[in-house]
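Below, chain A partners chain B and then partners chain C, in two separate complexes.
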Partner chain A sequence: MASDGRPDRRGGLARWAALPAIAVTLALFVAPLGVMAAHSLWARDGGATVASWSLANYREFLGNEALLAALANSLEVTLLVTALSVIVAYPIAWVLAYRVPRRLQRLALVLAVLPFWTSYVIRSYSWLLVLSENGVINQVLLGLGVIDAPVGMGNTRGATVLGFVHFFVMLLTLTTFASLVQIKESYRMAAADLGASPLQVFLRITLPLSLPGVAVGAFLTFVLAIGDYVTPQILGGGRELLLPQAIMLQVARRADFPLASAMSVVLMLVVTAAYLAFAKRLRMDRV
Partner chain B sequence: MRRLRALPSIAILAAGYGFIFLPVVVLVLFSFQDGRLPVPPFKGFSLDWYEHVFANRRLMDGLGHSLAVALGSSAAATVLGFLAAWGLARARPRWAGAAQYVLMAPMTVSYLIIGMGLLITFNALGIPKSLVAVGAGHLVINLPLAFAICYAQLGEHQATVEQAARDLGASEAQALLLITVPMLWPALIASFCLAFTLSWDEFVIAFLLTRFDVTLPVAIWSMLRSGLNPETNAAGTLVFAVSIVLVLAVETLVLRRARRG
Partner chain C sequence: MNRNRYEATRRTALAGAAGALSAAMAGFGGRRAFAGEELNALVWCDHTDPALLAPFEESTGAKVNVKDYEGTGTALSLVEQSQPGDWDVFVVDSVDVPRVAEMGLLAELPDDAFPWGDIFPELRQPDLHYRDGKLYAVPEKFGYNAIAYNRDRVDPADMRRAEMMWNDKYAGRYAIYDYYIPTMELVGLGLGVKPAELTADKLGPIRDKLLRMKTLAAVVGDVVTVQNALVTGAADIIISGGEYAVSGLMTENPALDWVIPDEGGIRWGQAIGVFAASTKRDLATQFVQYIVGAQGQGLLATSSCYWAMPSNRTAALDAGQKLTLRWDEQPGFLANSHNYFIPDAALDQAMLDVWTEFLQA
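For the complex of A and B:
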């Protein structure tokens, strides 16, 4: 009871209600990351892991050309995917925000991101159907006489990039749209009244004001793409490995948990670095 | 003149929708293929491959496992996330900021790494791979979502009504169950449906933490080894349909309402 005779607003139950969720997060998320970080400093002896502290796994990772190449491939692919997705998504979001009649806007937006909800595995498989040697694109091009023989487009870096861009265009369309519709029309009208051409209005008003949404989408794209195993495995194949594929190889084929842990820690550090790089632009709450 | 000005916009939308829907249309269309290959030409409409899916023991087992894991992890995430949101919003303990940070942290880490951490930890503790382990992994990825959705919906308005109930003699637990929960009903459904969708589709954690009893995405994954196959199309179309129904349910139940309110 509080002093004014009312029941205490800050009751006993509310004070403890957050503890189960925090306990679960600590036990199933924070602690496992700690265990993983510890493993990355341990050694592998035969099939067993020995708790002898050293940086040997990191040295092995950074000294192994194939593993290092996987890291470089991942960075290249992810940066390319992020840039391409922004370039493709921006015009779509712009048209949805400013050219589609208001009463159709919500429907148009929901439609534009509907395939977002297909599972990773299915989405990548669908692109395989489109890109394979007897797939849709080859058959159309053959039918039109553009090419004489089918072109193999699966199992390439291009296929991986395409599969990624398809997914992240939807994400970026959402975040960019959210930023664009918040820009007051009066800003653009004022600029136009003061003599700015439509291009100037876009470059000096719309584009800068929409950057927070683009930045959030680009950041999410980077984080989700660099950690994805499925898309490169299905569409890129084994010819050129990305970092998540290399990590999975250590686990699945060699059961080398210490090395896989070290590689995962590096992957986390890359994501953290990306976060810090984006942090100034990121205002999640605004989108 | 107006028509002409609209032309580039229409072209951009058409190209955009074309790109976004191309693989989905191909997937769904060729799940009805009357032939052995899910590629053009389309030889006619058939439901044979759906029959194959429903007769496929491995897929049907995977379906059951996926439903169980998704139901369990989404229900647990929604209850825990709601309690945490309510506790932090009402009691406002001094450590609320830190708690929020911890609860949201899993969102910033790749599923692959969350799965790896659990795999290595369970392995070190001698806990075998199982569907329960997958459920634990999915609880981790769903909890921040449930917490964020519920926290965003808990405003001063409910606090006032809760306080009124307390003044009229309700215990704290009664006010929570009879006042707060019904008022937050849409947020709870939304969080459950979204969590269900995430868990239902999730692959890499399930792949790392299962061995014999696998979930549906993992079962579909192993079908890919046989190459292009209309049965995979049919299974994928069904998975997609379930997700769409859930997402549209959230859209109509919650977002509409939130927009009106």
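For the complex of A and C:
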């Protein structure tokens, strides 16, 4: 109803217009999630999946120390990656927003996201080559006499984190930059006129107002990193197991889709918890 | 929809296969017989090499569309998501043929259409490739889960002893292939446990040895990862590696090599069959015949994706290729290798639990 009591035809039309989007969401997102949730309650029998309902897969997951450790590893790595990416991306975004001349900002942004244009897999393998014992870092350090023998930097958790941070810094730079350029210059000028130091202006004006962009970028980083299989598989060298790798182990090696589904549901619950934690700060209109 | 399209009977299958046999004898049927037709094959990546497909396509006029997968589970998912008749040819691990046949996915093949006299007898394996006396897949390629290494950085003589898999001498120089079944079976062999004798109560010593190996390993990963480790110098030894991991790289790096330890190796094999729902069984059967023939076998063995041993002794290989594949040692290797053993569900779960613990250690 419109405010004057007459039927609101535009509201009715809007509801009808939303139907295709709702249908697509139901078909492509809700239904597959429902199928996955159903699979997580089924069983694997003789190599085939049978629809006998139980919580056995969840019990198996929760009772398996190695799988729980995989979840813990995933959380550790993802939180570290998110924190490091924010720390590295924020200064870059700040420089781009406030120190790079406006006419050069577009070019600078393009340069910042250039690595996005190469294949994710190729980028990961490139890092492995850079970090390898025959790689450029070891060769330079050996050439400079800093080290006597090559240092194994690839195939470690550190390499996984490095690969992730390299990727997500670009994403966070974009979302933070978008937030920073929306802050009116008059706010910072007014604070300065009232005697605030540059540090106070940053801490009391710029940082709080840019947090929505940081939160969106951090949330996306968390979600994408915790579900990523490729980077830890290529750069981690199998030194430890993250949850996506453990899921893949069930799918590719045993075709145990029910257990893999249960593990995926757990992963989704973690992401949901992360969303709730970020929810207050997630303001997409500011990005 | 004409359901009969998808309900080929044994008679039509055999009739089709017989036709295929006669066509094959006439040089794969000639170009006109299949010109413009397309064959859809679900394969391991070695079959995606254009050099392998070209002779067949040229001789029949047909186009072979290949889709590669990275595990039987993935392949079965692809089949499940497809319509009957979408796929014609299936390349699958020999150990998985029984369950795929039991699922009704494979068509019966005419036993006498294939060169069994030239195929290594150890690979015939009726328990895998036949069901109720009927042939469902033909062994086409095999190899070993054994040891691959860089000759310049290790003592090759050490590589023939299983205990080198957990020797401090090579601490930090190991890359371990991350497929649990063959790798655990190889470790078991090193401890004197043959794959067929593997039971849950024998997993303890294997687990202990794996945990020891983890402390010595630089890398645990899939084929590409362990290959990469060997090439970049991150590791010098691939445990559970073999000809499939290094043969294709030996031209560029002659220091790479592989061998079976004296205690034995694990023999893997892949087979090729025709989908029961295929509407092009004649052409598909001809493709199987081409692959297991001398020309196809030579090209398949040296595929750009990965090399391995051809099942057919008459495979067209030159002297250098035979050297790379240690062709002269095959009789000894075949005798000293054990069939890849697929555990039952309970043992499989127990093995994967041990393996997951190893990965997480």
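Assume the second predicted complex is superposed on the first by the 258 of 287 C-alpha atoms of A that agree within 3 Å, B and C clash if a C-alpha of one lies under 4 Å from a C-alpha of the other, contacts with A are read in each partner's own complex, and residues count from 1 in each chain.
Keep in mind that, in the parts below, a contact is a pair of C-beta atoms (placed from the backbone, for glycine too) under 8 Å apart; a residue touches a chain by one contact, two chains touch by 3 or more.
Everything quoted here is computed from the prediction, not taken from an experiment.
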> Is A:A66 touching the first partner chain B, the second partner chain C, both, or neither of them?
Replying inline: second
> Where does A:I234 make contact in the superposed view: on chain B (first), on chain C (second), on both, or on neither?
Replying inline: both
> On chain A, which partner's contacts cover more residues, chain B's or chain C's?
Replying inline: B
>> Under the stated touch criterion, which partner chain does A:N134 make contact with: chain B (first), chain C (second), both, or neither?
In response: both
> Which holds for A:R254: it touches chain B only (first), chain C only (second), both, or neither?
Replying inline: second
>> For A:R188, using the defined touch cut-off, is the partner it touches chain B, chain C, both, or neither? Pick first, second, both or neither.
In response: neither
>> Tell me the contact category for A:R157 with respect to chain B and chain C: first, second, both or neither.
In response: neither
>> Taking the stated contact definition, name every residue in chain A that is touched by chain B in one complex and by chain C in the other, in rising order.
In response: 125, 128-129, 132, 134-135, 234, 251
>> Quick check on the complex: what are the chain B residues that touch chain A?
In response: 6, 9, 12-13, 16-17, 19-24, 26-27, 30, 37-41, 80-81, 83-84, 86-88, 90-93, 96, 99, 102-103, 105-106, 108-114, 116-121, 123-124, 136-137, 139-140, 143, 147, 163, 166-167, 172-173, 176, 197, 200-201, 203-204, 208, 217, 220-221, 224, 228, 232-233, 236, 239-240, 243-244, 247, 251
> Of all residues in chain A, which touch chain B in the complex?
Replying inline: 6-7, 9-22, 24-26, 28-33, 35-36, 39, 49, 88, 91-92, 95-96, 99-100, 108, 110-112, 114-115, 117-123, 125-130, 132, 134-136, 139-140, 166, 169-170, 173, 223-224, 226-230, 234, 244, 247-248, 251, 257, 260-261, 264, 267-268, 271, 275
>> Under the definition above, what is the set of chain C residues touching chain A in their complex?
In response: 70-74, 76-77, 99, 172, 176, 178-181, 217-222, 225, 228-229, 232-234, 345, 348-349, 352-353, 355-357, 359-360
>> Taking the touch rule as given, give the residues of chain A at its contact with chain C in the complex, in rising order.
In response: 44-47, 64-67, 69-70, 73, 125, 128-129, 132-135, 150, 152, 154-155, 233-234, 237-241, 245-246, 249-255
